[in-house]
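Structures incoming, each one as structure tokens.
Two complexes are shown next, each including chain A; its partner changes from chain B in the first to chain C in the second.
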Partner chain A sequence: MTGIVGIVIVSHSADVASGTADMVRQMVGDEVPLGHCGGDPDGGLGTSVERIMAAIDAAWSDAGVAVLVDLGGAETNSEMAIEMLPDEQRSKVVICNAPIVEGAVMAATEASGGSSLEEVRRTAEEYSPA
Partner chain B sequence: MAERATRSVLLTHEIGLHARPSVKLTKLAKRFRADVSLAIAEEGPWIDAKSIAKVMGAKVPENSILYFEAEGEDAGDAVDALVTLVERDFETT
Partner chain C sequence: MNLSEAMQRELITTVCERIVAATEELTDLDRAIGDGDHGLNMKRGFEDVLSKLDQLAAKPPPGALADAGMALVMKVGGAAGPLYGTLFMSLGKALPESPTLDDLTTALDLAVAAVQRRGKSTAGQKTMLDVWVPISGLLAAGESDLDTVRRRAAEAADATVPMLAIRGRASFLGERSIGHMDPGARSSQLIIEATCDVMEGWS
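After this line comes the complex of A and B, so read on.
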């Protein structure tokens, strides 16, 4: 396992996805591989398996990729995108059960220190903004 | 050679240890091999300064005294670096 875990942000909204990516870049930095996608191909709200796969590709790291999603379809489409990855990649991608914005910042901060994919996922899921 | 170091510093940063300062503090703590803990009272409770979830979750308010404790070969450097970060109001260049 080498390198820094990548982070993928999957929202129904392109604006939410790119805004969340901005927060990660500005708060955590550029060292974390980052991919994001949101919206359907017609410019409306939604998620697409194809775009999620492209975002995973963009954030790819041999250390793995942690995916942050918002509601319903973002999760099921992310699961589908992971299913469609080549065997050697599939086992290195996890979806975090965490709020998309907070989870992305937490996961990226953990990843920036060189933590494992499992540690990154745990950190994203540990934070509760209560 | 394991060493142990402690230092405290007044947190003057406006609105306390919120998102960006928490990220900076955690990232800095992670650069050291020593275990680094943080508390807002000398008697604790101590939290892992390398854990962003715990540091941000602690919601440390402005004008708190931050106590750092580190244990490990670079404990002194770790504690000095963290105190400096807080003293410089989290400005990093």
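After this line comes the complex of A and C, so read on.
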């Protein structure tokens, strides 16, 4: 595997997604491929499979992509989006079971050091507020 | 059963119109125990299905169901999109072009299992599965009388009222989720009821 693992942020709220992306950028700059999306297909609170697929594309890396989600529908729609990816991409995308903001920052920081997708996922999931 | 284009058209139109007509009711149910978006999300999804009516009615059931499911996945915007999308796409995958009742029974069983996997849920958790599981069970037991199916669906939706929500946004409310009908169970019941009503007109 080559390259830096990409990070995707999927929130019900476009503001939360973009604010979280800002926090990630503050930490890692442009070193880490980053995609984010929030909002249903009409722009209200919710998530959209199409937007999630586009965000994964935007953050695409051959090293894989770690997805951070907020509530239920974001996870279900992200799982659906991943299943709809081409075969060669599908196995390289994982959803992290972590809080969206902290998880995204931790995952991106880990990714910026060149860690594998599995290491990035583990770091995000191991985060627990002190 | 061979579904003519006109029959398919009637079925799709009725199901979609009933969901759209229930927007406010579904929203109110979801506002009580969730984030209040189920009505508008379902409206957006089923209106999109309805906008593809000509193309869907012209396809054999497997293709029509696959396309309708995909429309819901892309348009609904909440967890209901992948859940209903999985239901319809799985039905489409499992049904032959001219399905018999046995085919439908088998396909529904597979589709409901797929929804359970997608939602990581099972009956008894105050979700749409509390309607689809008993209806699938009814067909599997050889009961296909339309009125019986319709009544069972209504009873099953009602039975979610005293349930404690274990999955979905409503589970955040804990015991406060008790005393309200699950919006996904209600929308599922509406779809089954609409289907039974239309099929009754054919017999």
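Here is the rule we go by: the second predicted complex is superposed on the first by the 129 of 130 C-alpha atoms of A that agree within 3 Å, B and C clash if a C-alpha of one lies under 4 Å from a C-alpha of the other, contacts with A are read in each partner's own complex, and residues count from 1 in each chain.
In this section, a residue touches a chain if its C-beta (ideal position, glycine included) is under 8 Å from a C-beta of that chain, and two chains touch if they have at least 3 such contacts.
These numbers were taken from a predicted model, which means no experiment stands behind them.
Asker: After the chain A overlay, clash or fit between chain B and chain C?
Answerer: Aligned on chain A, chain B and chain C fit with no clash.
Asker: Taking the superposition on A as described, I'd like to know which of chain B and chain C A:Thr2 touches: first, second, both or neither.
Answerer: Neither partner.
Asker: With both complexes superposed on chain A, which partner does A:Met80 reach: first (chain B), second (chain C), both or neither?
Answerer: It touches chain C, and chain B stays clear.
Asker: Who does A:Glu50 touch here: chain B (first), chain C (second), both, or neither?
Answerer: second
Asker: To the nearest 10 degrees, what angle do the lines from the C-alpha centre of chain A to those of chain B and chain C enclose?
Answerer: Here the answer is 150 degrees.
Asker: Of chain B and chain C, which one touches more residues of chain A?
Answerer: C
Asker: Name the contact category of A:Gly72: first (chain B only), second (chain C only), both, or neither.
Answerer: A:Gly72: touches chain C, not chain B.
Asker: For A:Pro41, using the defined touch cut-off, is the partner it touches chain B, chain C, both, or neither? Pick first, second, both or neither.
Answerer: Only chain C is touched by A:Pro41; chain B is not.
Asker: Does the superposition put A:Thr123 against chain B (first), chain C (second), both, or neither?
Answerer: In the superposition, A:Thr123 contacts chain B only.
Asker: Applying the touch criterion given at the start, work out whether A:Met106 contacts chain B, chain C, both or neither, answering first, second, both or neither.
Answerer: It touches chain B, and chain C stays clear.
Asker: If you take every C-alpha pair with one atom in chain B and one in chain C, what is the shortest distance in Å after superposing?
Answerer: Between chain B and chain C, the minimum C-alpha distance equals 27 Å.
Asker: Using the superposition on chain A as set up above, list the residues of chain A that contact both chain B and chain C.
Answerer: Chain A residues touching both partners: none found.
Asker: Applying the document's contact rule, which stretches of chain A touch chain B when the two form their complex?
Answerer: On the chain A side, the touching residues are 27-29, 105-106, 109-110, 112-114, 123, 126-128.
Asker: So in the complex, which bits of chain C are touching chain A?
Answerer: On the chain C side, the touching residues are 35, 37, 40-41, 44, 73-83, 85-86, 118-119, 167-169.
Asker: Can you tell me which positions in chain A touch chain C when the two form their complex?
Answerer: Against chain C, the touching part of chain A is residues 40-42, 44-50, 71-73, 76-77, 79-80, 84.
Asker: Which of the residues in chain B end up touching chain A in this complex?
Answerer: Residues 19-20, 23, 26-27, 30-31, 50-54, 56-57.
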